[in-house]
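Dropping the structures in below, format is structure tokens.
Heads up, the next two complexes both have chain A, just with different partners, chain B and then chain C.
This part shows the complex of A and B:
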């Protein structure tokens, strides 16, 4: 035994709940990170895409001959080069089009030596279009004589979802109060700081390597393959650091197969990277929707039913966006104890940019409606909203109509914590009274809550994640995980968990998750699942390695394995912490003993949940969680400005793992939600984006962030790693309705159509001043 | 979005820049911070064939006070001005400089460029109207002085002659019993204002307003001023009613253009509010209160 090292025993400590920095943080903060956008490969060509720039048209002719002749141009592709290579959720998309269905449709693509040459080549392509009348709202798309956007999707109908539970007519009849409103939520986009980018390269055997920003590398292969006429097994996905994704990289978008088609044709690596303007015009959007919601209750404040009729603006193609009703349905049916629920959603093709998935995935849209209707009902009942919420809040052990089993439910505690910390009830009463008084500035407080899956979402046959963990002869650990890092911080979580189980310094863990040929399968970063699923996987793998190490130590020291522990890079005695052997020394002995032993383990973690299923009645997540936000605002009634003074958030996170990462996720989620509520909006005029730049598309920035008061409720999820639940989407989901409820509290005006821009708010206030008939609604 | 190809020239002296500009003629532009010009070129609003970079000309960014005169070199950046001793002395200057766009733009963009671009959304020209600034301009025909109010002929067009450059901005330091405020309404911090207002006023005993200048930015094709509005307040004690009336008068003179930042009537409402806000802060500053001015945004 090593006598030179100090003999002081090592106490048992834990990293769980501590603040741990992301391993990539120093590189990112100092500008050292090489993002995919920075990558250059030898021999690499630059690919550029010619977009249609009109919403709906036939292509009469296209002439690329001049572009092809330009020196430095290696190839020009058009619709005929992608014919029959359909891809997408319902196979309605191709990489290069023969017909225009939305402004950004990809008509031709060029690969050239430099970006300048590619740009010049684009200018030499001549296309003759015959413009067609378009469809720009889902309502118009449903009209009998509406222009048809896809020949094989009659009546412009894309996906349809329905869920019915209970007798709606009877429940309505039994309701003493019913609120009935139409909410119209708008187009926003992700605004990733790193614009969309892909680099494709084929080897001589026909294997494609694609450097991608994808957040779901394994199903990505499956989705990309048909766009190229390839077998998914012949695609290798590399994942260099990305500048944000937020759901926007949860599908294949045309620029990716275009990069591959150009690479194939030229035999050279090809990089396609969007300009900021292209990013605004061509990346997916959050799904806009018209939500007709009705909610009822009895005089004593018991909810009786909720129904939602949702019309979704699909845009020109069906990406994952139109599947968001699966999640919308859950808020509608599972948000508070509602005995009777009907949900019906129809996505309609339009000539608008098409929707993809976006943090919050449908729940953002429906919670904007449900949380405001909770507020309206409370008012009509003349009840403190918090009491109304508490009266209808589910408890642990309850099951929603969709069969979501709320094993550990902390809605009650979230409500009470947020209300208490913000002094909600007293302020709500005070501001309601002050509404009628004179005064330019009006204060308001608003509360909103929601439910979201927090233990994955089994929308595929498996919701699992693979992990390979190896410990080398210096006690350095490599974790090869299927979980992607897109900035959300799973690397720090896995790092922390593995260091915790193996008793080693955080810096001694390396995470490998950027190569689909190396890392094992995983569903992807979505549904707030990664900490839960990949965290569990990492923990299980680490526990296996730990057991193997302790068993070996037990054999060598003749101390029983259960009396040993790993701490501070040593094997120690569990009871007193006395050092037994240095871990790296033990590992070397294991390697070099007569029967050598490597510490390398694998794990495949599949959460205990049920597949979503066609009738949407299943316990599809291994955990569910709630968040409550209270927003405090000041409205300047002269200019309509809303200043957000403070957000109090109480969220059931199961258990805090990396506190700093969690804070980051909640704060970032709130920032996205605030932009949705207050300022972000894609201004579309007949399918054409009018504000494709940050000058005109207003993302909130650091100076506009309000004071935040975050409360983490630890419900200790039995299935989660150390009790943790997924957490990242809820903060984005609840913020907009909390703001809208606060604005109502301040002004008596309901806003059904976000964003609540100063002009919109000012106009509503002026209109009301003109009519002087008390509370009214915006138009 | 890339600019059309162009030639780049670097001037080493003011005279060098002027001769180069006159030699190259119509197809040349002076380049200061590039925060307007390069954007225009990217958007193809402008396609100059030559850029003459003024950035290395010595001594054109000096900020000084001599007696009661303040002088600011045309190449002084927004950040330099906002961090200068002049801004310590005159909070209205800090209001303006520190509220422009974001840190990147503030450390590149210059006061001369803001004037030279004749963009009614730019903050400095509005502010300089309230201080009755004068501009020293040098061209092939020599040096002359132009009141700031005469610089702009129309939106994006100045009265400067070919190859004539603004070299310095000068104004008289307002008296001790004077206070100013500059305030802009923005959709978020790094955005051009939806509307802006500057007010500089002097209060005599009994709070009689002995002098006042008001100017509005983003309120039309040029900076908007109104003698009528100023006359309503000049020589009287300020009351809520008179301030309302003056605000009404200057807003009536404004012709805000509806755009993505807002419709015309909304901009008028915002302007009205900004004038009142600026008067309020200016008065409080006259009374010796320290108020951190800020651009308003939501």
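This part shows the complex of A and C:
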């Protein structure tokens, strides 16, 4: 070794804000990753589910005898095998049904040696149904004589939420302008590239191991147990790599207990994996909603009140979908100063597919309404929308009517940055004027903003995350974290944080987070919380390890610990970077001495936030964040096609940790939001899905991605790791209303019902031409 | 559920058509339509599954005696990359460029796109504009027998053609277009790429002194079969392509279309798009 270079002092550098590759990226890009869908266990059987294929019916009889006799079939289960094993948020669901309440209801399940045998067995099951009249809209479900879907939920009423703050009548009376609209947001689904899959296996002591795509492994045990009549402690959850989740794996869905019931009955491992068609029909949706929103302001542009009356299509069972009002009301009551707010939401059971959680969780739906009403008010005031937004934007130090305390609020800066970078005001004026002129192609620009929890959301008893960190004799670090990796990139974030604190290469950090018997508790991947919560946990654990190492180094070198630092795999002097001892050498010395010392630390990080509470008045997140999107579009007024030319995004991210991961999250979030805005829609006809394939369910593809101009606003959150805030949901939340506002700017037409498909846009433009010019003979 | 009893992958045409002589054969080429259709239960496999991909002599694009002959196995990518077609029948290249995705274009064959007989088939519309015929081969009296059918008469219903069970589509043939022949194609769906046509319009003819003659107009996804719109052709034939003629043709095209409502679009929107596209394609033709 060159003596000179080894003596070179090591300068202090930082990884925070750098572009760091996801550790699993090369394997995923080259096809090496073994997803859960690829897994095969010795002796494994294939489980298949017979779905009802009708929305509402009684089962008169079911005959599985021919299927049971087919060679290679190990067992056939029906509703009687799951009787009484109720699960779900309000215990209204059961793995196998005795009555049909939606198209995908699980009627029977088969475990067989091969998929082909299982398919043949399914065809041999005969079921006689007596169809019942169904309920397909929440409005119909509320009718007095509507068919009842659950005996124990009278009037088809599911969850109800209410929040009232201030005197609504007085605020309305004091308002000089009021906008009043009904927005109808639709059914979409997550479209994970890896279809739903579970593998279950029991040992001889009755302990279940389930390989799952879940994004909340610890509460998952609690939710899965009643569907199997088991104790949650007897369930071990393994989490192999998954092909996306986006909120769809934040609950237990029937295929999972079915896999376990089949495994229990056969004594063999059983894998249940959806086909793409099953995935479309049987996996959760985003919660559809009918939102009646009213917002008022005075002539000088000061908001006076906002009210929202929300009706939710619960679908047949209650998963996380109908709990979205918890987030809807935060947006209704926040980000713009609304002194008076009334919010009311009722979920009604229908015979439609049911909704789970989905990135943006209620906020996608609400912001579609709030951001368009802000645009409408600005127009009626004849005010530059930016001035109107800035006048009402909340500031640091304010508290919302729901008692969310905005410690570091950068809405103002997000608005100014996005507007300036896109030249919003000038373009908005220019396109408004151009609207009246001739021409097939119309340009438009639209702005939308929202707020979202960015430091967890305390909707459970704890919002914490456990971390165990060990450093071995070779200075390789293992982080055992409760945080799940579902593609969002917490692996890269934790690697980066630990490498930052311990001065070691990123590749020397290994994360273990795929086994609930090993990793400590975490509430799950949701609410844009993982970088904030698990990042804080990893940092706190790394700081503890760092302190232990520096203290040991201080003892050996007689240099004070505070004068030492860890850089480049060495203990160095803090002031000049001179090497003191190689880190791995120090670790071995610590280990192999008369009083041996291993570096292994634990941490449980609980964010500084209050439980949501029944009255919804709490500072339920440790941080809040804002985003502003400006969409620039071109509308072909003949075909109705919308081309998105450019998106300018300004988002308060607190502080950038992994720049590449953050860019990926924001770009991916925008892609999901654009699909919601423009093309994705589950076409349901009396509860039956008409487009269960990618040919007819239009996810946007790479060529449709617009130019993106991303601005990260760094508000330096005091509670966040290095100042970071959660970031992943806002990009999906604000994009659709930005598009809708841009389409209004281009055409003068408001769209209350996404998606803005070419047909919908062309029809609206054509209809307007008819009313302007009278009926035309030629079409 | 049906089971495939035999799998064949012949290298020679005579072996292939011999195998088809008794019927009960499913022909596989690119599989881009066949496999989703069988997966979803829309279609069942026959007892024999025959992969025709390896048959020699059906993969060329040739100009022979003033006729262009495209082998049935030529992929959509092959059409899109063909120098010969780019020079002599660029409307096919234009349509290939709007066909699904790269992956699907690499697998999908011309013969398959035609035999699938979708009213929305992207290759069919430009071939109708080129007045193509298809060559059907069968085994008869100890030899390969061929017959030609005009593409215009080939389709009978969605997914149905005049091809007999024992016949294999082996080539598409059309006359080399005249120097002055100009044709264009336009299709639409809710997104630019990877799309099944909501509707498509192809128009071609000899453009001389601003007027069209020998006009052929074809429309996709507006009727049970790909449609030759003869009355629109008559509206255009010999006329100067001015705004008035173009408008009249567009209105007529809308009247000729008899589309349906389905998950992809309403009948109203399809008819509306036919008018828009007819106008657009005629303007493209005029500007050529």
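Throughout what follows, the second predicted complex is superposed on the first by the 767 of 779 C-alpha atoms of A that agree within 3 Å, B and C clash if a C-alpha of one lies under 4 Å from a C-alpha of the other, contacts with A are read in each partner's own complex, and residues count from 1 in each chain.
We adopt the following convention: a residue touches a chain if its C-beta (ideal position, glycine included) is under 8 Å from a C-beta of that chain, and two chains touch if they have at least 3 such contacts.
As the structure is a prediction and not an experimental result, all values here were calculated from the model.
Participant: Since both structures carry chain A, what do chain B and chain C do when superposed there: clash or fit?
Facilitator: They clash: once the shared chain is superposed, the two partners overlap in space.
Participant: Is A:120 touching anything from chain B or chain C once the two structures are fitted on A? First, second, both or neither.
Facilitator: The answer is second: A:120 touches chain C but not chain B.
Participant: State whether A:396 touches chain B only (first), chain C only (second), both chains, or neither.
Facilitator: In the superposed model, A:396 contacts neither chain B nor chain C.
Participant: For A:679, decide between first (touching chain B), second (touching chain C), both and neither.
Facilitator: both
Participant: Please work out whether A:593 is in contact with chain B alone, chain C alone, both, or neither, and reply first, second, both or neither.
Facilitator: Neither partner.
Participant: Regarding the shared-chain residue A:43, is it in contact with chain B (first), chain C (second), both, or neither?
Facilitator: Neither partner.
Participant: Under the contact definition given at the top, report the residues of chain A touching chain B in one complex and chain C in the other.
Facilitator: Of chain A, residues 119, 275, 277, 638-639, 641, 678-679, 683, 690-691, 695-696, 698, 700-701, 703-704, 757-759, 762-763, 766 contact chain B in one complex and chain C in the other.
Participant: Applying the document's contact rule, which stretches of chain A touch chain C when the two form their complex?
Facilitator: 119-120, 123, 275, 277, 638-639, 641, 678-679, 683, 690-691, 693, 695-696, 698, 700-704, 757-759, 762-763, 766, 778-779
Participant: Spell out the part of chain C that touches chain A in their complex, as residue ranges.
Facilitator: Residue list for chain C touching chain A: 1, 36, 39-40, 101, 188-194, 196, 198, 251, 254, 263-266, 268-269, 271-273, 275-276, 280.
Participant: Which stretch or stretches of chain A touch chain B in the complex?
Facilitator: Of all residues in chain A, those touching chain B are 116, 119, 275, 277, 636, 638-643, 678-679, 683, 690-691, 694-696, 698-701, 703-704, 757-759, 762-763, 766.
Participant: Applying the document's contact rule, which stretches of chain B touch chain A when the two form their complex?
Facilitator: 1-2, 102, 185, 187-192, 260, 262-263, 266, 269-270, 272-273, 296-298
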